[in-house]
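What follows is a set of structures for review.
Below are two complexes that have chain A in common, paired first with chain B and then with chain C.
Then we have the complex of A and B:
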């Protein structure tokens, strides 16, 4: 047992003496949260718009004020000439232009079409779709308030369950947790294990009285601990700074995270068992783990929009299931009875990876 | 100290080590020679308990290789051409780590550490990173660390490859001094002149030991004047 403690101590010295690994372990997760939280977002916030108001009525003014008063949109300019519309869209100063009909206020209650025209800069289609959705809601509410007795058919209003404000933080916190656990537990573990092999120290360790499983557990424990610290960091930052909810059980969340952690560690060990240089391990972990976790797990892109083969592939990306579990617990507040399927898949994947890595490791020992 | 009986290792149909048998008495420097691919590394791996023999048996330092691997491991030391030290750990930390691996107690470890840094004259550099040491010092330190638990047998796998002739010579002086303290040395090398330092040498070809005697006797038998010629004659 004592020799085991010396082993773990040595591993921590390696970590704390290497600036690069320190940055990956501590700075990167926080930088990513801040980047995703503040910068890389599809959310609509203070989007500039212009108005070409032909009616110049009280009603149109009230509508413009109402739109301007939201956090989403800011009135940039009134246009006086229809020729300016395209110019201002091209100049990128505004994302959309509202054109209000001359007879807007008079005819509004009776007419059903053509009262307001929305000209959108759709060079970023996601943002354009979002803007249209938000505007639609505002205008529907407005017409309900202004003309309560009108016979106008209202659009069926949409109610957003679980994420009424469509905040992207709800998506990126679970995604980031999966990504960071994969990065630290799988990526860093595979590199640190391969490093021992590459430098020839693995032989010495195997010849020592340490048992092979002790070597692996000893190498892996520091990264497991640091991963847990990072999970705590992300959760704290996510809930307190970005307002991520935690509706369900924290205990369940932590247990599921430990399951995913074990999964990542076993993948890291697996990669190290068939690579013998750090470069190769890094490339394999990058292409085989980090990219799928980013791109194919539903973190960045919705799985339903992927071509069918990729949808099947996403099922064997462990992060896919972990993200579903996290969203279930944090946003919907559901318990294990709704998440047993994902948990089971994650557990089976973990056992599968552990068995392969043990087999691989033994075969390698025998050569 | 080492008794090997018909030790064999097969990988599928390929026989890497083919029924080798030999004995090495206490305090002997035993040179284990052979061309690349002759089965040296596989044989050493089996003797160190890293790889399971397909058949045959061996007794290492008084323990059975098959049933008492843990005792065997506690009583042997190992050093290879790749230095076993961690460059990003200090001299002191490296000693602590290997001492800890071999279950040295706190006080014992302290005394050992003092002894090593004093003997190597590294007292003032004990908190320096090993990565900054010159190659020769690193090698000496690696040797001291490999013997930190007073093993009965020391396995040296090409310990001097890539080292300049003067350092090699000095290194052999340390090896000989260690053998004189009663530690059995089992060494592989591909510098044939180094075979002269060995009490006995064995030459391995295609998984079999085809010659085993003192360098002088072998030279006489084959009527040659250097160990290099022995090797050339036997492996032709």
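Then we have the complex of A and C:
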């Protein structure tokens, strides 16, 4: 036991000696969360547009001013020539061009409908769809104000549940926790174990009185502690800087996080057991763990939209389940009775990874 | 010149000899392109919705049928009291509820809202689009089936990507990311590895000059990067029918300049890092920030001004803009000179700093 404690001490000395990496490991989550939280939104804001106004009437001017006055849209330019439309869209200066019909002002009294043509840069489909939705709303409100007596459809008041301000940070923080835990636990563990192999130190460790499992646990514990500190950091930042709610139980959240942590650590051990150079371990961890955690876990992209094979694959990405658990506890405030399925899957995956890595771990290095 | 040539051959030999890395250089990008192109998809499909009818309306069966016929929605049920509809939302069975507040056949409609949409917005990203789709659907339904036509008719044309295909916009961006990943990681780790195993000392005492050394490291990566980019473009075209509307020469010009920027950046990292692990972590930190701010996943316009500035300083941002513009919009080179100047400037700066920080004698 005493040897084991010395071994862990040695590991800590190794970690603390590499100050550059240590700083990165602590700063990375904080930087990421601040960047994600403040900078990344999927809302539409300050989208530039151009107008080609054929009617040049008061009504059209009022409408343009109304659109320009919103936070969503900013008038970039009046076009005088229809030939400029294509070029201004090509040059990325505006996202859409409104072409207002000559008859637009003859809207009064409503004999005919006023026509507006919207030319959207649909190269990003979602922005295009969003722009159209917002614009439609503005125009509907406009026509209600201009013609208050007419009978129109009032399609209004949308209620946003769970996340009324559409804050992306609510989505990012659970994802980020999963991501950071995977990065530090799985990624760093796999590298540190492979390093011993590559440098030939593993032989020395294996002939030492330490048992193989002690070596692995000793290697893993420092990173587990680092990850726990990082979780605390993310939670504190999320709650106090971004007002992330914590509706459910903190204890449950921490227990689930420890479960996920074990899972990531066992994945790290697994990777190290079949790679022999750090370069390969890093690349495998990057491609096999970090990218799926980021892309296929529902962190960045909705799983429902993926083709079926990827949807099935996302089910074996541990982060998928962890993120569902986190969102459930933090945003919806539900307890274990709603989350037992995900917890069970996570636990089974962990046991599975541990069993394989025990089987794969060779006490002898040369086969 | 001969020395440079020999160095390039040596580098290529080393790259192709390393059997562990080869699949990572050549197979991983393809896999990533396949996975990312399919996963990076905010397209709204099969949104589960419920109808809540508080006014005993007779058009419910009809609107239900139309909802189900629509590719975007799957109707999960019709409820007649608010509590049971909300519980569907709570249990995650539906993502949105369309609530009809009144009886629509009544003589005089109240001016309060007649239709209410209740939307689960945990996934802030997609809920805005769900909202757009549902309100578009309802407006269209009532425009066709009742006297309540909108007074101002908004006709729209989706230019450059008329089918609103998400892959069309993602693939050019993903290619940029893949090329950057390979370029920065490989360069940074390559030189850090020479440091770690000590071969850099041998190179340092040899008669080759600093520029030859750097050139010998960068050229092979440039070739690999360009090769992967064009292979990716072809793959995207064959698999997903991604158009290539513009001039390939524009893309080649930009690709060379862009790779020059990213490789210089990798070089700079490698001069600062002591080990491969450090190089990897440093490269990783920067690339994550670069990718997040590049406008690939979220729009740059919506960012706060300071974040917008950061994203303008990131080379990936400009190359993604260029790739999208040239491939989808056929934007000619003269409309992109600003991006070209920025990339050239960044590249020159990074290359100078990297060359200065690499010292032959330490």
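One rule holds in what follows: the second predicted complex is superposed on the first by the 244 of 367 C-alpha atoms of A that agree within 3 Å, B and C clash if a C-alpha of one lies under 4 Å from a C-alpha of the other, contacts with A are read in each partner's own complex, and residues count from 1 in each chain.
Simple rule for what comes next: a residue touches a chain if its C-beta (ideal position, glycine included) is under 8 Å from a C-beta of that chain, and two chains touch if they have at least 3 such contacts.
Source: prediction; values computed, not measured.
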Worksheet item: A:10 contacts which: chain B (first), chain C (second), both, neither?
Response: first
Worksheet item: With the two structures laid over each other on chain A, which partner does A:117 touch: chain B (first), chain C (second), both, or neither?
Response: second
Discussion item. So in the superposed three-chain picture, is A:18 touching just chain B, just chain C, both, or none of them (first/second/both/neither)?
Written reply: both
Worksheet item: Between chain B (first) and chain C (second), which, if any, makes contact with A:208: first, second, both or neither?
Response: first
Practice prompt. Figure out whether A:2 sits in contact with chain B (first) or chain C (second), or with both, or with neither.
Written response: first
Worksheet item: For A:26, is the partner it touches chain B (first), chain C (second), both, or none of the two (neither)?
Response: neither
Worksheet item: Who touches more of chain A, chain B or chain C?
Response: C
Item to complete: Enumerate the residues of chain A that count as touching chain B in its complex and touching chain C in the other.
Response: 18
Practice prompt. Would you tell me which residues of chain A are touching chain B in their complex?
Written response: 2-3, 5-7, 9-10, 13-14, 17-18, 199-201, 203-210, 365-367
Worksheet entry | chain A partner contacts - residues on chain C that touch it in the complex | 18, 20-21, 24, 28, 31-32, 35-36, 38-46, 89-90, 109, 111-129, 131-133, 135-136, 138-139, 142, 146-162, 164-166, 168-169, 189, 193, 273-278, 280-282, 284-285, 288-289, 292-293, 297-299, 301-304, 307, 310, 321, 324-325, 328-332, 335
Worksheet entry | Residues of chain B defined as touching chain A within the complex | 11, 48-52, 70, 73-74, 76, 78, 80-84, 86, 88-89, 93, 96-103
Response to the item:
As the complex stands, chain A meets chain C at residues 18, 20-21, 24-25, 27-28, 31-32, 35-36, 38-48, 63, 87, 89-92, 95, 107, 110, 113-130, 132-137, 139-140, 142-143, 146-147, 150-164, 166-168, 170-171, 191, 195, 275-280, 282-284, 286-287, 291, 295-296, 300-302, 304-307, 310, 327, 331-332
